[in-house]
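Below, chain A partners chain B and then partners chain C, in two separate complexes.
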Partner chain A sequence: MDLGNYASLAHFGPELVLGGGILLLVILDLLMADKRRLGDIALLIAVVALLLIAMEPVTPGAWLFHRMLVFDSFAIFFRALIALAAIVAIWMSIGSEEVLGCDQGEYYAILLASTFAMFLMAESANLLMAYLALEFVSLTSYILTGFLRHNRRSLEAALKYLIYGGVASGTMIYGMSWIFGITGSLDFTVINHALTTPGALPVLAVFISLVLILAGMGYKVASVPFHMWAPDVYQGAPIPITTFLAIGSKAAGFALLTRFFFPALSSLTAAGNWQALKGVDWPELLLFICMITMTLGNLAALQQSNMKRLLAYSSIAQAGYALMGFVVLSNDGIRAMLFYLFAYYVMDAGAFLVVMIVANSTGREDIDAYRGLAWRGGIVPAVALTIFLFSLTGIPLTIGFIGKFYLFAAVIRGRFYLLAIVGVLNSVVSLYYYMRPIKTMFLDTPNGDEGAVTVDFWNYGLMGVLACATIVLGLYWAPVLAFATRSMHFFTGPV
Partner chain B sequence: MSHALTLITFIPVAAMVIILSLPPALKDGAKWISAVAAGLQLLIALWIFHHFDTTTTAAQFVDKFAWMPTYHISYFMGVDGISVSMVLLTALICFISVFASFGINRAEKAYYALLMMLDAGMMGVFVSLDFFLFYIFWEVMLLPMYFLIGVWGGPRREYAAIKFFLYTLLGSVLILLAMLGLYFYGAQNTFDMTVLAANASHYTIGFQRVVWIALFIGFAIKIPAFPFHTWLPDAHVEAPTAISVILAGVLLKMGTYGILRVNFAILPAATHELAWLFLGVIGTINIVYGAMCAMAQTDYKKLIAYSSISHMGYVMLGIASFTAAGIDGAVLQMFNHGTITAMLFILVGVIYDRAHHREIAGFGGLAQQMPIYAGMTGFAFFAGMGLPGLSAFISEVLVLIGAWQTYPLMTVFAAATAILTAGYLLWTYQRIYLGPFNEKYKGFADLSFREGFTLVPLAIIVLILGVYPHAILGLLDTSLAHLNQVVLSTPASAIALLH
Partner chain C sequence: MSGAVGLDHYLVLSLIIFTLGMFTVLTRRNAIGILMGVELILNSANINYLAFAYYGGARYDGQIFAIFVIMLAAAEAVIGLAVVLAIYQNFRTIDVGATENLSG
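Now for the complex of A and B:
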C-alpha cells in the first residue's frame, strides 16, 4: 500500500502526539509559573505516544507520505523501544538534581523532539529521509548533551559529539550519493530491485558506498571505529541524557542499520536466511567490526574509574553483542538482536538510574563513591545495581542471560564458531569490570567520607520496576520473545 | 511424595526469602531457619534414598513440564543412581555447613540467604535432566559463592573471589556453546539430556571431539583438573570454614558429575577416544602433582586444598578406566571425598577459630591441650590416607583395581602416591599435634559441642562406608554399568588403541 499524505496520518498518531506535545511545552513554558510541572507533562505526552504505538494494528505494512516512511511491525518495535527510552529519560530527568538547574521548557521540548526524530529514523524507507532523520537526532542530541551550560565537561562533550557527528554524517551522505548514482534511486525497495536484478553489479563501487554509509550508522550505534565520541559524551552529558543516548539513540541506529542492510540490500531465502549481494562482502566486514567492537569496548572498560565512562565502554561492547545477531544473516539472528536490544534497554537504563541516584546524593560519579554502599544505608540501590550488572554480564536468572542465549544460539546455528568463541571470551572479560562496582559496594568498607545515599520515592519506583523486570523476564521471557518474533516483518512492497 | 525433587531444590529458596524478610530484631533467626531448611532437605534426601529403585537406569522421581516450548526448554528433574548419591551428599554437607557457619557474626541475614541460594543451586545441578535448566543452576551457584568468599572471607578475599568467578565463568560459557551445539546439530532440537543421550550416535566424531573438549574444560575447571586448578587453593584459603566445606564437599563433584552426565552419556564415542588423555593422564597428574604440592605447603588449609586436588584425581582416573570397578570406585570416591574433605576443612576451621592463623610451623603438641580434637583429626587423616576399614580405602582400591586393567603405568604412579599422601598427612600431624607443646596455646578449649556435632556424623558415615560400601555402591551399580556399556559399545578409534 502506498498511502498519500492525508491517509498516512492515520498511521502517524504517535508522531503527531509528540509534535503537538513539543508545541504545547513551548507554550506552557511561557505561561506556567511552576516550571517543574513541565516534566510531568512531557512524561504524559511520551506515555500517550507509547500507548498509541501499543494500539497500532499489526498489518502487512504500508508506505506513508509517498514512500518516505514505512509502517510495519518492525517500526512498531523500535518506536515502542524508543518511546520507552524517552519515558525513562524523562522520569529520570524529573528526579535529577543536574537537570533541575536547567531551563525546563526547552529541555523537555528538545527531548521530545529527539524522540520524534528517532521515530522517523526507525521508519525511514528512503535514504534521504534516513539522512534527515539521522541529522535531526544528532542536532537534538548535541543540544541535550551540552545542556549543562556551566559545566565544562558537558560543553566539551557536546563539541566533540558535534565534530564527530558532522564528519560521520558527511561521509554517510557521500556514500548515499554513490548509491544514488549506481541505482538511480533513494528508495530502499527500488535500490534493492536495482542491485539484485541480474546484470553487471559494480561490486567495488557498491562496497565503497556501503562502507561510507556505515560510517554514519555505525556512529549512531557507537560501533568501532566510530565509537570515539561515546565515552566523552556519555560522561559529559546529564545522566538522563546519557541514558537516552545509550538506549534510545542506539536503538534508532540499529533500526536504520537493519532496515538498510536487510530489506534494502539483501534478499530473504525460503529457509529464513538472508542472502547478501553477490560479491559485496559487507557481512564479512560487519563480522569483523562486531568482534572488534565488543573486544575493544570490554578491554577499554577494564581501566575505567568513572561509572558513566565504564558504562559508556560497556555500551559499546553491548552494541557489539547485539551486532552478533546482525552479522549471522538470518531471521533467528534478527530476532535475537531485537530481543537483546530490549533486554539491554531494561538493564542499562537500570544501571544508569542507580548511577544517577548516587550522583544525586553524593555529587560523585567515580567508583570510589560506591565504597561500601551496601553497608551505609544504600543496600537497595546496591542490590539493584548488582542485578543490572549481572544482567549486563549475562548471568542466568536475568533477562541479559536470555538475550545472550538467543544471540549465541543464532551464532552457533549459523556456524559462526569464531564469533561464538570471541563472544563468550568477551563475556568473561566483561565480568571483571562489571564486578568492580559490585566489589566496591559490598566487599569494601566505607571510609566515612562518601556521604549518605538517599533515594526518593519516584526513583525507588522506577528502580524497582526495572530490577523486577530484569529478573521476572529472565525467568519468563515468552512475551518479549513473542514481541520480537512479531516484529521481524519488514514491509518492502512492490517496486 | 510427588515433586520430591522440586521440593528438595526449592526449600532453600523459600528459606532464603523468609530470611531476607526477617526484621532486623530477629536476625538471629536466620541461622535456625537455614538449619530447619537444610534439615528438611536432608530428610527428603533420605526419603528419596529409601524409595530409590536400584534396578532401573531410568530417571526416577520425575518432575516435568514445558517451560519455553518454542525453544524446547522444559523444567525436567529426575535422578538416577549417579545423581541420587550426589543429592544425598549435597543435603548432608549443606546441613553440616549450616552448623559450621554459626560462628559468622557479620551481616548474618545476607550470609544465610546466600548460603541457601548456593544450596539450591547445587541441588538443582544434580537433579536437572534438562541441559538448559542444568546450566541455569550451574551458573546461579557462582553468585552466592562470590559474595560468600568475598564478603566473609580472609585477607585476600577479593582476589580469591574474583579469580574463582572468572575461572568458573570461563568454564561455563564454553559449556553454553557446547550445549547450543548439541541442541542444533542433534537428531532433534532438544535440551532433554535423556533424549540427547538416546540420539548420541547422530553426532559425527569430529563434532563430538570439539564439543567434548569444550565441555571438558568447563567441567575440569570445577574439579579442578590440572592445569585449571590454581583458583582452588586461593578460594579455599580465603573462604570461611563452612564455605570451604561446601566447596570441597559438593562443588568439586559437579565437575566429575558433569563429565559423567554429559560427556559420557551424550558423547560416548569421543569419550571412548579422548578419556585416556584428558581423564586418565590429567587425573594421574592431579594425583601426583596435588600430593607433591600438598607436601610443600606451610599453610594448613592450603595443604588440605592440595590434598583435595590430589584425591579428585582418583575420580578422574577411575571414570577413565571403563571398568566396572574403576567407575564404581570413582563415584564412590566422589562421595567419600565429600565427607572426608569436609571433615578436614572443619578441623582446620576449629584451630583457626582459636589461634587465628594456620601456619603449620607455628603449632606443636596440640594433642596435649586438645585430645579429642587431635583424636578426631587423626581419624580424618587416616581416612584421607585410605586406611582399611575407612571409606576412602574401598573407593581408592576400586579405582586402582579398575584402572590397572586399562592403564597399568598410570596406576603405578597413582598407587605410589599413597606413600606421598601418608607422608604429608603424618608429617603434618606430627608438626601440629605431637612434639613439644607450644605454651602459647595453653587455655585453648577442646572441641565444642557444636563442632563435635558437625564432625561426628561425617565420621560415622566414613566408618560405615568403610565396612559396608554397598550402601552407596548399590545405588550406583545399575546406572554406571549402563553408562559404561554405552561408551564401550562405540567403536574404539585409532587414538584409543594407542593405549
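Now for the complex of A and C:
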C-alpha cells in the first residue's frame, strides 16, 4: 500500500505528538516562570507518544509519504524501544544535578527532537530519508553532548563526536551515491529489485559502496572500527544524554542497519534464512567486525577506572553481542537481536542511572567513589547496580542471560561455531570488569572522605522499576519474546 | 578517444575530492581545517549524485539528494562552528590535540 501525504498522517501519530510537543516546549519556555516544570511536560509528551505506538494496530504494513517512510511491525518495535529510552533519559534529566544548570526549555526540546529523528531512522525506506534521519539524530546529539557549555570535557566530547560523525556520514553518502549509480534508485525496494535481478552485477563496486555505507551506520551502533568516539563522548556528555545515546541512538542505528542490509539487500528464503547477494561478501565482513567489536570492547574495558568510560566500552562490547544475531542471516538471529536490544535497554539504563545517583551525591564518576558504597547509605543503589552488572555479564535469573541464550542458540543453529566460542570467551573476560565495581561497593571499606549517598524518591522509583524488570523478565520473558517475534516482519511491497 | 566529458570524468573528479577531503581530515590538527575536509567529502558525494542523475537518466532523485546534502552541510557547519567557538572560549585554542582531557 502506497499512502499519500494526507492518508499517511493516520499512521504518523507518535511523530506528530513529538513534533507538537517540541513547539509547545519552546513556547512554554518563554512563558513559564518555573522552568523546572518543563521536564515534567516533556516526560508527559514522551509517554503519550509511547502510548500511541502501543495502540498502533498490527497491519501488513504500508508506505508513508510516497515511499519515504515505511510503517510495519519492525518499525513499531524500534519506535517503542526509542520512546522508552527517551522516557528514561527525560526522567533521569529531571533528577540530574548536571542538567539543572542548563537552559531547560532548549534541553528538553532538543531531546524530543532527537527522539523524533530516531523514529524516522527506524522507519526510513529510502536512502535520502535514511541519510536525513541519521544526520538529524547526529546534529541533535552533538548539541546535547556539548550542552554543559562551561564544562571542558563536555565540549571536547562534542567536538570529537562532531568530527567523527561528519566524516562517517560523509563517507556513508559517498557510498550511497555509488548504490544510486548502480541501481538508479534511492528506494530500498527498487534497489533490492535491481540488485537481485539476474544479470551482470558489479560485485566489487557494490561491496565497496556497502563498506562505505557501513561507516555511517556502524558509527551509530559504535562497532569497530567506527567506535573511537564512543568512550570520549559517553564520558564527556551529561549522564542522562550518555544513557540516551547508549540505548536510543544505538537502537536506531540497529534499526537502520537491519532494514538496509536485510530487506533492501538480501532476499528471504522459505526456511526463514536470508540470502545475501551472490559474490558480495558483506556477511563475512560483518562477522569479522562483530567478533572484533566484542573483543576490543571487553579488553579495553578491563583497565578503565571511570565508570562512565567502563560502561562505554561495555556498550561497544554489547553492540558486538547484538551483532551476533545480525551476522547469522536468519530470522532466528534477528529475533534474538531484537530481544537482546530490549534486554540491553533495561540493564544499561539501570547501570547508568546508578552512576548518575552516585555522581549527584559525590560529584565523582571514578570507581574509587564507589568504595564501600553499600555501607555509607547506598545499599539500595549498590544492590541495584549489582543486578544490572550481573545482567550485563549474562548471569542466569536476569534478562541479560535470556538474551544471550537466544543469541547463542541462533548462532549455533546457524553453525557459526567460531563465533560462538569467541562470544563465550568474551563473556568470561567481561565477568572480570563487571565484578570489579561490585567488589568495590561491598567488600572495600570506605575511606571516610567519599561522603554519604542519598537518593531522591523519583530516582528510587525508576531504579526499582528497572531492577525489577531485569529480574522479572529474566524469569518470565515470554511477553518480550512474543513482541520480538511479532516485530520481525518487514514491509517491502511491490516494486 | 574523443574529447567529450563523460560520466567517468566526473566519477574520477569526485574520487579525487573525496580522497583530498579524507586526507585533510586525517592530517589537520586545526578544528576548522577538519570541518573543511568534511565539506570536501560531502561535496564529492554531491558530484557523484549529479553525474549519475544526469547520465543515468533517472528522475530527479539525484539532484534532490544533492540539494539536501548542501542544506545539511550548512546545518552541520553551524553546529560545528558553535562548538568550535565554545571550545575556543574555554581552551583558548582550537587545536584538537591540545584539548585532550578524555583518553584511555
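The rule is simple: the second predicted complex is superposed on the first by the 495 of 495 C-alpha atoms of A that agree within 3 Å, B and C clash if a C-alpha of one lies under 4 Å from a C-alpha of the other, contacts with A are read in each partner's own complex, and residues count from 1 in each chain.
Just so it is clear, contacts are C-beta pairs under 8 Å (C-beta built on N, C-alpha and C of every residue); 3 or more make two chains touch, one makes a residue touch a chain.
Everything numeric in this text was worked out from a predicted model, so none of it was measured.
Peer 1: Return fit or clash for chain B versus chain C, each positioned on chain A through the superposition.
Peer 2: Superposition check on chain A shows chain B and chain C fit without a clash.
Peer 1: Of chain B and chain C, which one contacts the greater number of residues in chain A?
Peer 2: C
Peer 1: In the overlaid three-chain picture, which partner chain does A:427 touch, first (chain B) or second (chain C), both, or neither?
Peer 2: Once the two structures are laid over each other on A, A:427 reaches chain B alone.
Peer 1: Mind working out whether A:149 is in touch with chain B, chain C, both or neither, as first, second, both or neither?
Peer 2: second
Peer 1: Counting only touches as set out at the top, which of chain B and chain C does A:158 meet: first, second, both, neither?
Peer 2: After superposing on A, A:158 lies in contact with chain C but is clear of chain B.
Peer 1: Given the overlay on chain A, how many degrees, to the nearest 10, lie between chain B and chain C at the CA centre of chain A?
Peer 2: With chain A as the vertex, chain B and chain C sit 140 degrees apart.
Peer 1: With both complexes superposed on chain A, which partner does A:173 reach: first (chain B), second (chain C), both or neither?
Peer 2: Once the two structures are laid over each other on A, A:173 reaches chain C alone.
Peer 1: A:478 contacts which: chain B (first), chain C (second), both, neither?
Peer 2: A:478 contacts chain B only, not chain C.
Peer 1: Using the touch definition from the top, say if A:128 reaches chain B (first), chain C (second), both or neither.
Peer 2: second
Peer 1: Rounded to whole Å, what minimum CA distance do you find between chain B and chain C in the overlaid structures?
Peer 2: For chain B and chain C in the superposition, the minimum C-alpha gap reads 24 Å.
Peer 1: Just to be sure I follow: which residues of chain A are touched by chain B in one complex and then by chain C in the other one?
Peer 2: In chain A, nothing is touched by chain B and also by chain C.
Peer 1: Going by the contact rule at the top, pick out the chain A residues touching chain C in the complex.
Peer 2: Those in contact with chain C are residues 127-128, 131-132, 135, 139, 142-143, 146, 149-150, 152-153, 155-160, 162-163, 166-167, 170-171, 173-174, 176-178, 180-181, 184-186, 231-232, 235-236, 303-304, 306, 309.
Peer 1: So in the complex, which bits of chain C are touching chain A?
Peer 2: Per the touch definition, chain C meets chain A at residues 14, 18, 21-22, 25, 31, 34-35, 37-38, 41-42, 44-45, 48-49, 51-52, 56-58, 61-62, 64-65, 68-69, 72, 75-76, 79-80, 83-84, 86-87, 90-91, 96, 99-104.
Peer 1: Residue numbers of chain B touching chain A in their complex, please.
Peer 2: Residues 68, 70-71, 107, 135-136, 139-140, 142-143, 146-147, 150-151, 157-158, 161-162, 165-166, 169-170, 173-174, 176-177, 180-181, 183-184 of chain B touch chain A in their complex.
Peer 1: Note which residues of chain A are touching chain B in the complex, please.
Peer 2: Listed in rising order, the residues of chain A that touch chain B are 375, 390, 395-397, 401, 405, 408-409, 412-413, 420-421, 424-425, 427-428, 431-432, 435, 439, 442-443, 477-478, 481.
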